[in-house]
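The structure is given below, and queries will be raised subsequently.
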C-alpha cells in the first residue's frame, strides 16, 4: 500500500527530475555561484514580489534554521519560539551548537502567540545582561502539528515583533503546503513583505533536497544577516559543492507550466487535496482529528489496536501526545506528498473502514 | 572548451544518475535508515575488508570533517594537521565552530610528516591543562596540492599516531583518485586496516553529493566516535531527509560493472589518466610542475600573460603560492573528473602549445 | 539600615579575611597548584567523608555550572533541570555557550521532581539521535526560591537518576545555608555519598569569591569528568592565577574553631537564624510568605506601596512571580549573610510594622 | 631564597590589600554595579585621557581575551596574532571555545609585524566566504617573551589596522610593566588614543585578581563591542558577584600616593628595576640573554646543570625554545613582581656567580 509516513519518502517530482537529467552534463562553477542558482533566485524574488531579496540555497532544514537564527542573533541573543517547535523538539541542539539559547514560550501545539511572545520578551529583558537577549521570532508554517497560519495570525505576530524590535523568521519546510492550503489567506507576497526571513522548503515539496532561505534587506538587521549568511553557511558545512543542483530544481519549481501554475505550488495543492480527502474520510468513518488543518499533515486519534494495524499498513507515524479524552488513544500522523494520488487515499480509507 | 576548473563541475556519472532515476519513485524511510543505505554500507565494508566498520553518509566534505573531528575529540582536544590543510585553509572555521582548536604543524605543501606531528604533540602535552590536548591526526589523500600518500608515508604516520595514542583520520574527498593513482601502493584494505576513520568522497567521484565516513570499532576511541557520530551529524544539520539518495549512489559506485571493476575507482582512474596525460603534455611543452603527482589535480607554473589566457580558456584556478624560482609566475591548478576525455586534454594542450 | 538585598554584599567573614592577610606575603605557585589548595581539598574531602573525591576551585557559580555540566555531558547531551533553575533563568546562555542544550522540566518553583525527570528523559530518548540525549540532573540546594531539599527528596532524585543512568549534580552556591537549615535532614556526608558532583559555594558563604566543585570518582562518568575538568576550567577562563586565594579561604572555612564548629557552616547557621527570625516576624505582622523555608532567603508578598518603601529601606529585591491570590501584590526576596545580626532584623521588622 | 617564578606568586600590594580590608564590611550591590567600580572606571578614564571610554572589570586574563575577541568579531571572523601569542600557546582553546578561529602569523618571538598582518589578511580575504574573515589585531604588551613595544612599533600596527579596517586590541596583562619600562616611549594616553581596546592587568600588577578591559566608543565596531561586552562577560561566567573587589583595588591602584605617583605604575617600575638589575648582573657574569628587554620578565640561556640548580633555588621557569647557538642550552625565565627587592636580586646573583 502507498505509504503516508512523510513527504520526503520519494525522490524528485517530474519537472525537477527532468531538469536534473537535462542539465547533468553541464559544467558549472561550484558552491552556488552558477547561472542556475542566479536564475532560480530571480524567479523566487519575482514570485515573492521582492526584487532585492537575498536568496541562499541550503541543503536541509535544520541547517537553514541554524544559519538563519545565527545570522539574526548575537552570541548572547536568542529566538523566541513555541516550546514544541522543531528546533527544540527535533534538532539535537543544533541552535545551541551555534552557542545560541532558545527562549521557549508555553504555547500549545507549536503555534506561537503574541501574548506569549510578549511575556517571554519582557521576562528576558528585565534581567538585562544576566539573561539571553531576545532578538527574533521563529515559527514554522505549516507548524509541526499541521497548523496553517492565517494572515491575521501572521500579522499579529509581525505587529508584536515590530513593537518589540524583533526579527521575524518563518521556517517554511512545508511553506508550499501552507500557502497552497484550501481556505488559506496568507500569500507569498504578503509573507515576503513583512517577514525578515523565511524559507521556501524544497525537500518536502518535490525536490531531492534544498531549502531556499529568503532574507529581506529592508532593515539594518536584515542587511547584517545577508552579510553573515554566506560565511555561516560555509562555516556550518552547508555550502554544497554542486550547488547548481538546487538552482536547477528551484528553477524548475518556479517556472510556470503549460497551465500557468508554478510546479512548486501545484504539487503542494495536490498533496493537500489528498490529505484533506483523507481527513474527511476518516472523520466520516468516525475518527477524531487532533487538529483541523488543510495542510498535507493530518493527525487523528485511534485505539491502540487499530493504530498498530494502520502503522503497519501505511507507515503513519505515532506522534507523542496526551489524549485529551483521557483515554489511552494513540495519535497518528498521516502525510501526503506530490506523489500521492486519490486512489492511494481511497485504498487507505477502505482499509481503515475495514478495521 | 572543456573546463578543468574542478571535479565537481558536472552532475552525476552515468551509473549513479541511472540508479537515481530508477529508484526515484520508491518510497523509503528517511534520514538514511533505508535499505539502499544499508546495502551501500555493506558494499563499502566489503571493499574495505572490514566487516564491522561503521558507515555514516554525510552530504559534504566540510561537514564530514567537522563531524569526524568532533567525534574523536573532547571539547578541549584537537587534531594535528598541516598548516595549509583544508580545515585551516578553506572551511571558514568549521572546526572551531565545534569549539575545537586545530594544532597546525609547519609541514610544507599540506603533507603531514611524523617529525612535525611529534614536535607539535610534545609542545602541547608539555603545557598540561593549559594547552589543547592533541587527540588525532588529520590529513587528506590526495592532499590539497595533489600529493598521493605512499603506503610507507601512511604507515609512518600510523606508527607515530600509535606511539602517541592519537587517532588517525584521513580526509578522502579525493580518495578514489588517490587509491586509483598510477604507481600508488596504498590500498583501500590497508588504509581501512590501520586508520581509525576516513572518508570515501562521492561528490568529487561522480556523485551529485555525499561522503561516506567509515569508522573502525577496533579501538575504544573508535567505539566512542561511533556512538557520537549520528548525534553529531544531526546536530550539525547534516542528516539528509532523503538520505537514501546517498545509499543509491554509493550502491551504484560500489557494484562491479560488466568488466568487474568498481565504478567508484574506474571513474577515478579515467580522471587520473587524463590528468597525467595533461601533465606530460605540459612538461613536454616546457612548463614546470609545482609537484609531481599522478592524481587528478595538476599544478603548473606559468608567466602571467599565459596564465590569464589559460584561465579564460579552461577555467584552471589560480593557486596562491610563492614562486620558488623567485619570478612572478602564477601557479594554476588543473582538475579532471569522470567526465573528462582524452580529446579534451588534447584540445587544451593544443591551445597551450599555441600560446 | 542594614541591607537584605543578597548574601554577597559584604567582603569576607573574619576567619577568611584574617587568613588572606596572614598569607598575603607568601610566594606560592600559580593556578591552584599550591599547598593551600591541596590542604583545603583535604579538609573538604574529610568533611564529605570521601577520601578520594576530586576538588576543583572555580571563582564563580556560573563558571562552576558551565564547567561541571560540560564535564558530564557529550556535545549533544544535556542536563535535565527545572524550567526556572539558575542556568535557564539567569546565566545568559552560559551552558548553551558550551554547545550544550538544557532539557527543562515543567517543575514549579525550581524544585526538580522525579516524575518530571522521567517524563523529559523518555520524551528525549524516544527521538534517538534526533533529540538531545539526557545525561545528568541539575538542581540547586537551596533552590532559587529558597527550597531546602530533604534527604527523602534528594534520595528520590538520586534513585531516578540511578535508574536512568544519569549523573546527579547539585549546585551548592547556597549549600552551606541548605545543610545548616534548622530541621534539615540532608547531611554533607550523605550528599557526597550519592551525588556525582556538587559545589560548596564560597561567595555566598563568607568568602571574597570561590566555589569548590567536588566530584566523585566512583563512576566511570565521574572519572571522565575529573579528567576533563582542569582543561575545561582553563578553557573557560576560570583558572585563577593566584588560585591559592581560594585555598586559603576554604582552609579557613573548613578548619574547626575553638567551639569545634566549621566556620563554613557556623556563618550559614547564623544567617539562617536571622532569616527565620525575619520570616516569623513578618508572618506575625500578617504578611504572607510565598514558600516556607529555613534557608537564608525569604520570599514575602506585599502590596505595592509597602513593597516600594521596603525596597528603599533594606534593598529587598523584587522577584518576578504571579500573585496566587490574583491580586497585584509584589513578591520581595530578603537575603541574610554571615554579616547579618538579630538587631538588624529587629530594625527591619520595626520598620515593616510601622508601614 | 626569594622566588623569581612569576609575578602572581604573592597576594596584594600594600595599598590594594589595605583598601580591601578598609572596605570589607561595606554592603555594596553586586556584579560591578557599585560605586567603587564606578569610581575606579573614572580614575582609569582620567589616566587614559579618554573621558568616554568603557571599562569592564574581568577577573582573569584568559577571560578578558575571550570576551574582548568575541566582542569585536562575528562568529566567522577572527583575530590576527603571532603564532606563539598567549591565546594560541596557553589558553587551551579559549578563543575557539567561543567559536572563533585564530589567524596566526609567522612572526617570531610573539612580536606582531605589519608585514605579516598584511600577508595573513590578504590570504584570508582572498578566499571570501570560504575563509575566516580577519577582524582585529591582537598582541600583548609586554609580549610573552618580554618584548616592550615602542611607540613606533605600536603606531605601525595601528596604521596597518586602520588601512585594513581591523580593530586593535592590546592584551595588557603586563601593561603596567610595559608602560613603566625604562626607555619605553609608548604612553598610556597614546595607547588609549589609538587602540580600540586594551586591558590594564591587575593580577600581575599587585592585585589579588582583576583585569580592566578598556574599550573606545570612537568607532562603530567599538560601540558594538561595548553593547556586547556585559552580556559576553556574564555568558562566559566572568561576572564577579562581589565585583566591587576589583573596583576597590583599581581605585587604590589609580589613586596618586603622597609622592604623586600611581601605585599601579610605581609597583611596576620597582619590579622592572629589579628585573633589569638581574639582567645586567647575569650578563656581567657572562650569561646570554635571549632577548634584551626592560620589562619584568628576563630570559637567559644556561647549560643544563646550572639551569637545574637555578630552577631549584629561585623557581625560574624553563621556557621551551630552540638554542640559536645550536647547543643544548636551556632557556630560563626570571620574573619580578612588586614584592621583589634589590637584596633579593643580589642574593640570586651571588648564587648564580657561585655556580
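The first chain written gets the first letter, and so on, giving A, B, C and D; residue counts start at 1 in each chain.
Going forward, contacts are C-beta pairs under 8 Å (C-beta built on N, C-alpha and C of every residue); 3 or more make two chains touch, one makes a residue touch a chain.
Just so you know, these numbers come straight off a predicted model, no measurement behind them.
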Least step count from chain B to chain D, where 1 means the two chains touch: 1
Of all other chains, the one whose Cα centre sits farthest from chain A: D
Averaged-CA centre spacing for the pair chain C and chain B, given as whole angstrom: 50
Interchain centroid distance [CA atoms averaged], chain C/chain D, Å: 34
Multi-chain contact sites of chain A, meaning residues that touch two or more partners: 75-76, 91-93, 97-99, 129-130, 231, 234-235, 239
Chain D to chain B touching residues, read off their complex: 75-76, 78, 89-93, 95-97, 99-101, 104, 123, 126-127, 129-132, 320
List of chain B residues in touch with chain C within their complex: 31, 70, 74-76, 98-99, 128-130, 133, 228, 230-235, 239
Residues of chain D that touch chain C when the two form their complex: 2-3, 5-6, 8-12, 17, 20-21, 23-30, 59-66, 91-94, 97-98, 203-204, 208-209, 231, 234-242, 245, 315, 339
